[in-house]
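The same subunit A turns up in both complexes below, where it pairs with subunit B and then with subunit C.
So, the complex of A and B:
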């Protein structure tokens, strides 16, 4: 047996010139599963005696909504940001937990003589994580411009009052750019490192030894989904505050 | 030194050094959070999520080091 670890996802086949990777298939399958489950809940919505699954969904939704309200501080803002944050959370959570379904690594696809796994951890593909990070970062910029106005927002970065504040303004630009790197690498690094650790441990000792590492992976799968969604909410909250708090931005790096 | 050996060494040193700071920082965050819960157990519902978020932010530099070493090893 040979250890097979690659940073880039494996290409299964091409549609025209578009390469279809195993993470793309995985993300489509997960999206379909989530959408189907939600439609099912909506169809069988009962008011007096909710079933088990509806109970779970209601618990998750109302708990996270209360949490978002407690972070962002106002019901009006929470209603606007909650759909995005919860979608990110549930998508990352299901994608991370789906890697723990046993037997899926055995499903392979024969491409030019070599077998390629059809399912792979979706968040271990940097392209997917980068797209979600860009959604968050661009949203934060839009919110900040909408709240402060275009010139007020630029004035935060180019401040000519004193040399120190000019330098701090330039550092804020670096801080905004660092958000892209830190937010995306945090999720990608954790999930990819979990995958690598799991496969190395399976390679070294196949029985019982990988179990604690799997448990650690389960913990980080939930925590990273939570952290990504909460950081989205926190960034939007920081961008939507009227007070000119210059040092707050540095703390958010 | 051969290139392959130098790569392995570089990856090991990168993640090893990069994990020191976040290790200390997350330990401080967890100890302070536990202290706060010990003083006021009712507030644990508010403290624990905030602790996770701040630990994730403190973890950033370790994640940078991890990604660098992964790129060195498998990229």
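So, the complex of A and C:
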């Protein structure tokens, strides 16, 4: 057995010119599982006597909704951002937890003398994480433009009142770009590192030794899903807030 | 660009994942979030309404209890009044009866007194007559002679008048 670690997901086959990677399939499968679960809940939705599964989903949803309200501080805003935040959370959570289904690492096939893993943690594919990060960051920009207006939004970055505020405005641009990196690499790094650590441990000492790392991975699987969704909500909250300075300006106008 | 290659970033794959995620988001929004939140809200409203109704029912119950107490108190008070009135009436009628009886008794007493007086007067006059005859007889005997009628009568009347 050889240890095969690749930063990029492996391409399994091509559909036309679309390279199909193992994580792409994984994300499809996870999406289908979540969609199926949702449809099941929808089909069996009972008003007053929820079943066990409906209870669980309701608990998850109402709990996270209340949490989002407590972060963002307004029911109206929470209603708008909650579907995205909840979808991010549930998608990342299920994708992360799916890697703990045992036996996945063993499923490989040989291609040109190289073993290619069929299953890979979806969040260990930077592409998937990048897509979700871009959704969040672009949404944050849209919210900021909607709240502050296009000129207010641009004025935040290009401020010519004083050299200091001009510099701070430029730093804000860096800050927005840094959001992409910090948000995406936090999730990708954690899950990818977990994957690598798991496979290294499995390679070095297959019995019992990987267990603590598995527990740690379980923890970070939940925590990372939570953090990603919560950061999305926090970013949107920050973008949707009108700062005091602006209020003063508006009042003096 | 080398970094992108190393990370396995491919525009087509990114697009596929974006579409995938968008579909997921749409489905969760349409079939998960919407209906479930609606059910939760409905249930919450229902529970709130139930609690409100229960509170209202409790309040009403207390109100009814108070009213019941009031009515009972009223009834008791009225009963007491009726008893008092009846007692007063009884007292009054008793006094009346006593009064009537007293009057009756007084009347009988007066009648009796009158009768006794009459009888006494009659007896007195009878006794007077007899006494006067007796005196005449006795005097005749004592004197031993018969006085003439005129003298006699004058004497008797004188004596009787002295007795009176």
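The criterion applied here is as follows: the second predicted complex is superposed on the first by the 234 of 253 C-alpha atoms of A that agree within 3 Å, B and C clash if a C-alpha of one lies under 4 Å from a C-alpha of the other, contacts with A are read in each partner's own complex, and residues count from 1 in each chain.
Note that in this section a contact is a pair of C-beta atoms (placed from the backbone, for glycine too) under 8 Å apart; a residue touches a chain by one contact, two chains touch by 3 or more.
On a predicted model such as this, the values are computed, not experimentally measured, just so you know.
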item: Clash or fit, subunit B versus subunit C on superposed subunit A; value: fit
item: Touched partner set for A:196, first subunit B, second subunit C, both or neither; value: first
item: Winner by number of subunit A residues touched, once subunit B and subunit C are compared; value: C
item: Touched partner set for A:186, first subunit B, second subunit C, both or neither; value: first
item: First, second, both or neither for A:67, with subunit B first and subunit C second; value: first
item: Touched partner set for A:7, first subunit B, second subunit C, both or neither; value: both
item: Subunit A as apex of subunit B and subunit C, Cα-centre angle in degrees (nearest 10); value: 100
item: Partner chain(s) touched by A:28 [first = subunit B, second = subunit C, both, neither]; value: second
item: Lowest inter-chain C-alpha distance for subunit C and subunit B in the superposed arrangement, angstrom; value: 5
item: Common interface residues of subunit A - those touching subunit B in one complex and subunit C in the other; value: 6-7
item: Contact set on subunit C toward subunit A in their complex; value: 5-10, 12-14, 16-18, 20-21, 23-25, 27-29, 31-33, 35-37, 39-40, 42-43, 46
item: Partner subunit B, residues of subunit A touching it in the complex; value: 5-7, 67, 70, 181-182, 185-186, 188-190, 192-193, 196, 223-224, 226-227, 230-231, 234, 252-253
item: Complex contacts: residues of subunit B adjacent to subunit A; value: 46, 49, 52-53, 56-57, 59-60, 63-64, 66-67, 70-71, 74-75
item: Subunit C partner contacts - residues on subunit A that touch it in the complex; value: 6-9, 17-19, 21, 24, 27-28, 31, 34-35, 38-39, 41-42, 45-48, 50, 54, 57-58, 61-62, 65, 82-84, 86-87, 90-91, 125-128, 130-132, 135
